[in-house]
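There's a structure below that I have some questions on.
Naming follows writing order (A, B, C, D, E and F), and every chain is counted from residue 1.
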Amino acid sequence: MNPNIETFIGCDSGFDEAHIVLFGAPFDSTTSFRPGARFGPAAMRHESFGLETYSPYQDKDLTDCHIFDSGDLELCFGSAEAALADIQARAEEILSAGKLPLLLGGEHLVTLGSVRAVFARYPDLHIIHFDAHADLRDDYLGARLSHACVLRRCHDLLGDGRIHQFCIRSGDREEFRFAKAHTDLHPFGFEGLAELTEALARVGAPVYFTIDLDCLDPAVFPGTGTPEAGGVTFPQLLEAMRLVCRANVVGADVNELAPMLDHSGVSTAAACKVLRELLLTLSK
Amino acid sequence: MNPNIETFIGCDSGFDEAHIVLFGAPFDSTTSFRPGARFGPAAMRHESFGLETYSPYQDKDLTDCHIFDSGDLELCFGSAEAALADIQARAEEILSAGKLPLLLGGEHLVTLGSVRAVFARYPDLHIIHFDAHADLRDDYLGARLSHACVLRRCHDLLGDGRIHQFCIRSGDREEFRFAKAHTDLHPFGFEGLAELTEALARVGAPVYFTIDLDCLDPAVFPGTGTPEAGGVTFPQLLEAMRLVCRANVVGADVNELAPMLDHSGVSTAAACKVLRELLLTLSK
Amino acid sequence: MNPNIETFIGCDSGFDEAHIVLFGAPFDSTTSFRPGARFGPAAMRHESFGLETYSPYQDKDLTDCHIFDSGDLELCFGSAEAALADIQARAEEILSAGKLPLLLGGEHLVTLGSVRAVFARYPDLHIIHFDAHADLRDDYLGARLSHACVLRRCHDLLGDGRIHQFCIRSGDREEFRFAKAHTDLHPFGFEGLAELTEALARVGAPVYFTIDLDCLDPAVFPGTGTPEAGGVTFPQLLEAMRLVCRANVVGADVNELAPMLDHSGVSTAAACKVLRELLLTLSK
Amino acid sequence: MNPNIETFIGCDSGFDEAHIVLFGAPFDSTTSFRPGARFGPAAMRHESFGLETYSPYQDKDLTDCHIFDSGDLELCFGSAEAALADIQARAEEILSAGKLPLLLGGEHLVTLGSVRAVFARYPDLHIIHFDAHADLRDDYLGARLSHACVLRRCHDLLGDGRIHQFCIRSGDREEFRFAKAHTDLHPFGFEGLAELTEALARVGAPVYFTIDLDCLDPAVFPGTGTPEAGGVTFPQLLEAMRLVCRANVVGADVNELAPMLDHSGVSTAAACKVLRELLLTLSK
Amino acid sequence: MNPNIETFIGCDSGFDEAHIVLFGAPFDSTTSFRPGARFGPAAMRHESFGLETYSPYQDKDLTDCHIFDSGDLELCFGSAEAALADIQARAEEILSAGKLPLLLGGEHLVTLGSVRAVFARYPDLHIIHFDAHADLRDDYLGARLSHACVLRRCHDLLGDGRIHQFCIRSGDREEFRFAKAHTDLHPFGFEGLAELTEALARVGAPVYFTIDLDCLDPAVFPGTGTPEAGGVTFPQLLEAMRLVCRANVVGADVNELAPMLDHSGVSTAAACKVLRELLLTLSK
Amino acid sequence: MNPNIETFIGCDSGFDEAHIVLFGAPFDSTTSFRPGARFGPAAMRHESFGLETYSPYQDKDLTDCHIFDSGDLELCFGSAEAALADIQARAEEILSAGKLPLLLGGEHLVTLGSVRAVFARYPDLHIIHFDAHADLRDDYLGARLSHACVLRRCHDLLGDGRIHQFCIRSGDREEFRFAKAHTDLHPFGFEGLAELTEALARVGAPVYFTIDLDCLDPAVFPGTGTPEAGGVTFPQLLEAMRLVCRANVVGADVNELAPMLDHSGVSTAAACKVLRELLLTLSK
């Protein structure tokens, strides 16, 4: 009789043979509106058993890939810096072993931990960012480590022209001004993505790919802290993910599922399907 | 003072003058993920009073049609074979009276009971199947009478080339392989449906029309056991139903509404509207 | 230490300098299907703090506008006539001060109170009406003051050819017949709106603009009493609102949010965003 | 094949042989806080199939009683007076046939329609009233026909000393003053009930018995418009109902279930059980 | 980096050193009213992390006990007999290793699988049964393997006088007649339990202990398929469990948590606490 | 026309004439299990309009008291120390004006801000603490400013014998050991409270009174982050509050309502009633 191992469906390689390593960061302490993203990674794991491992979109199967699911980190609620350090350490451990770290949030701030680790290894890193919100505030009510500031903190590391933002439809006036000067912001949808990824792929630039699931329309994905009407559809997101994965993706995350905000379960189901498609696309 | 008769709105013909007979099959014992479809037919009846009998889409009114609602069968939970026998008997009774049986599920397995009855009368039967899932497994965890196998069991009866599947976006690899060899599967949407229905109409082929409501996108229809992102819109479904009804439809069903999974009630409201439009389209 | 003032976000002008005055009408006594719209205006105010004051759609900010939020009226449940009188009085007070009244419902009947006040001042008034339902019944179960009759009562005042209805996809046969003879009804979407608003703008005709939020698809806006599948998308509504505001809008309302019917909160969030965009568009 | 008759479980006598006649009043237009009681009677009918007809508390079975369920009245939302007239007419029709009317609300105002009919026949009528709220306001925001005034309106008919109130734990100061002078109010629980019912039984006084289910603690019965902590338990209510039924009960009602406020369904289940026990107790 | 092992909190012994072995039976195919108990065991495992391992009631800690959690069986939906065979096999495996099997349901029918295994080893077995429902029907709509018949099937094995039922407050008349003749039924509460357990303990009789959590009042435990008002309190259940565990308990189960019926999560939290206290009491 | 002032019902004194000052601390960043307490104070304010200002328990009315509601602080999510500083400052401002600060949480950690302010003014302060949880951990996953440590941090200030804990039924073994040595912990209920308050009243000792609403049974109060079965009833809590207020209460708080965890609204309604009774009891 074996102990009860629980992974995202089809992600049951051993660590050594894995190409991709999943890890969850159940953290949402800086969420300013509606919390609950801490339960996202566990919900995706639990509910993934309603999903098939096979994708008719790509004619590929998770059981043919090599993915290890290391479960959730145990993070300190109330201390963003401590949580980020733990996330960074885990990402570094995965990168050191030559594998791709795939982080499941949690609120969007968790991305910073992973980006720090990836940037240390790839100083010419680009970030491709799908999100409803610009996340470019310099601080939020005094806090510089906030979900609302995470791409600004990434900009502190990477500098101008390295952050490519898509689907953005919310932010304060100052964030949009900052974006005009310092990032490559594409409002509302994916216009310009094909050209960008082709250019990045041509030069083999390393890319960190961060997906805030609230880029999806709330109709498709209501279970998130700050739903913003006017988002993209699920097929649009699938297509965009496939474009990004033509580039040299060296780290990635999927975040901001807050399952208890959507009792119908469709948000969790959609998040699981996004993750399956992302894993299959990354498993070249 | 009369007893409290409850029908789907506008379906209050007597049995004798009716052209279409509704009957509910509140059964979901083989549902593998989230149960609750047993409550679908009753919910559609109860909530239909929020609907108008008139359709501006078709400029037709249910009060001009001849439809009898015979309520729900009392089915044995836990025995798929017994439930199917009762469904088949009811469908046969309706067919014997020269009327069209319109079954309300319940999980998708209930279709098999109705198809058995219709097939006995129309050995050259075709099935047009709208669904997110292929439902072509040979067995599911050992059970051959499972919602995940229902179209496979229909194929056992009808044979190759008679089952036409649309909107399919989920299944295991083996099901898609089986479909390639034995059914006429159109993934994701309704491509090819116009040509098909024209061809079937031309030869007057008898058609059984089964609608798993999860063909709709979960944004529109979250209240179902296994929601699959990437489905069709409500206007697309309306248009597709009208195409199908140009053929010689001799039996039909609408299934997989699980009302308690969607507390907002929009899934039940959408199911009611689908049923109204289907009834009006069938009432030529 | 100040008392706790609660307004819709960014609407904190004083009354005197305001150009637009918000007021809520928490009334739903005549709702025939699912009540709860009474909680709409308070929910929009409470939840608006999850919204930004800045709109990237219009590159404008509520903090630059002059809007006063006067809170909710205290209305008598159970007496439609008394409630309408209070709404009319408040709208007259706002109009007298040379400001634009923007009413938050509540069920759609509340519109009649505001229209009475605006019509008294502008006898050549036109109404532009976005709604899933025609609301043209002469009475509903005997009541002539019912949400299902509100546009019919407006027609009693304004007469033929002055009421322009869009997105309509539900009503009984008689309402559609009435519309054909007496109103300018555009079913399902916004076809014809651009031409209409251009024509009205050219002559400077005064326009009352009433938005029943159930014109939106239930996927986007499930939290409403009578959800009707097949509605418009959020971007379509934004675009349509901008068209209407090219005309001379002299009064407006947003109604039929029933927040407790949508526990995910996305309906309230969408309503807040509609209101922000409407306020920004009206603040020329 | 028979049409779909839906009754409260076990209440399927014909009208003629019935001793008790159920009728529903789906009305809640004057509800001042949270509406939804309109759905109470239908929910009790639909969900009663989760209940047994046999009571181990009384060792009696509904199938041995003679009860007819006449379904719900179709009432005009927005007009309290019209709704009350329809309720009164139905109660009179039942009383004329020598049967006991048992009304299912709806908000508590519906009681007035039934009491008017019963009082016309029994001018020496007493009312026994179980409720969390005194319902003794003379008007509520100007309305004299309001759920908050219903016992005051009954007092207008019956006069002093005829209204016996139990479990009361909410009201404004004026209501408690009025009660001190004019009614027989027992706060919080059932103290004094045994003595009262014995006295009434001794003289054979006719009694109208009205149960606002919010007399129960919200722990047991959360699904109601105005939950008030500190209520009675379910066994206490059972015992109290049995005491009341020793008197000469000539009319009764059960009201204020608002099923959509309690998604767990336990409130509806409790209401069904209260109704079963009441019916069995009244079926002497 | 380790794979993600998920157990009930504090139950992380290896199989060999364990005294108690947990196993889940996620099955609810015969549930006649509201399904969902299939998700009970997984929910208890997931949510147990909101619980402490230490009990101030008993001053004991799960970390001092020796318990192995073997996760959930993969059972065939739709076939009660196949599911029971798998449950029986797992229980036998645990018993063969000299350990106590503790089954987590699922619907109550799962008990039969475990009882068959335990009875094979202990032919003089007694059952102590806490439940709102007698579960003594001979068949339910034709099915003899139904949750409503489970204790009747146990009686087929054990015979008269061996089944001791407590808290029973629902059943049809025939079940109560059967109980009078063949089982030891104590209605409503725990009266007689202390005497019984003392007597059984004195002779060292082997006891199977089955807890249907709906013995608890729905106020405390709303998340169950068939809630029955009038149940016992949580402290009463704790005290009763401690009484039972003075006897020679050789097998046990806890069942009928349907987590999705209670979005507040208190039912799952209560079930976890019941399980912790039961495990601590059994770990002598 | 006035701006929209929103207070807890009946708390509309000006600051100067007030004896008690309410302030909300919408903070829950350190919550370890289920967040959402940040929405507690706003929900209590919004929903208080379903409550009467008059209490039949005390025959007193809030409109006769002098209470100012200063609304919610704007706190920094993600920084416990910054939030505590803001809370402390507000409490000091209220104390300086000679008024009693009554804090509405938020998670229980907010108490520390208030206690720091009160302790600075009353070095001989006692704390009376109602809670399901001991909250005596020295740190929680590394954080010393956590809801799970708040009474331990209070003990750092006040020292041994000054903290009196009631209703405690959860904690780890170490917390109960600490309590035995350093605090006055009464498990499960209110035993000993009458003696304690009498003794404190006799010497006029200043008392800070902190109520974690999860001391209530989850049946009564499910809407809280960490529900613990086996709590006290509402009438028991009322009685206990009245006992405490016989002592010299110089500061107080009510916390841990997480409204979105209980869609039925009964938790918020219960919290409002607790607050009304506390305010009336403190308004001597």
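The definition used in the following text is that a residue touches a chain if its C-beta (ideal position, glycine included) is under 8 Å from a C-beta of that chain, and two chains touch if they have at least 3 such contacts.
Source: prediction; values computed, not measured.
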Exercise for review: Give me the chains shared as neighbours by chain A and chain B.
Suggested key: C, E
Review point. Where the contacts of chain D and chain E overlap, which chains show up?
Key: B, F
Point to revise | Greatest separation from chain D - chain, by CA centre | key: A
Exercise for review: Tell me which chain's centre, taken as the mean of its C-alpha atoms, is farthest from chain E.
Suggested key: C
Practice item. Compute the distance, rounded to whole Å, between the mean C-alpha positions of chain A and chain D. Key: 55
Review point. So, what's the distance in Å between the C-alpha centres of chain F and chain D?
Key: 38
Exercise for review: Among the residues of chain D, pick out those that touch two or more other chains and give their numbers.
Suggested key: 34, 217, 219-220, 260-261, 263-264
Study note, to complete from the structure: Listing every touching pair of chains gives A-B, A-C, A-E, A-F, B-C, B-D, B-E, C-D, C-F, D-E, D-F, E-F
Check your understanding: Where on chain C is chain B touching in the complex?
Key -> 33-34, 168-173, 176, 187-188, 217-220, 222-223, 226-230, 261-264
Study note, to complete from the structure: Residue positions on chain C within touch of chain A in the complex are 49-50, 52-54, 56-57, 59, 61, 217, 219-220, 234-235, 238, 263-266, 269-270, 273-274
Revision key, fill the gap. Residue set of chain D touching chain C in the complex reads 28-32, 34-36, 38, 74-80, 82, 140-143, 145-146, 260-261
**Study point:** Residues of chain E touching chain A in the complex
**Key:** 1-7, 12, 15, 21, 42, 45-46, 68-72, 93-94, 260, 263
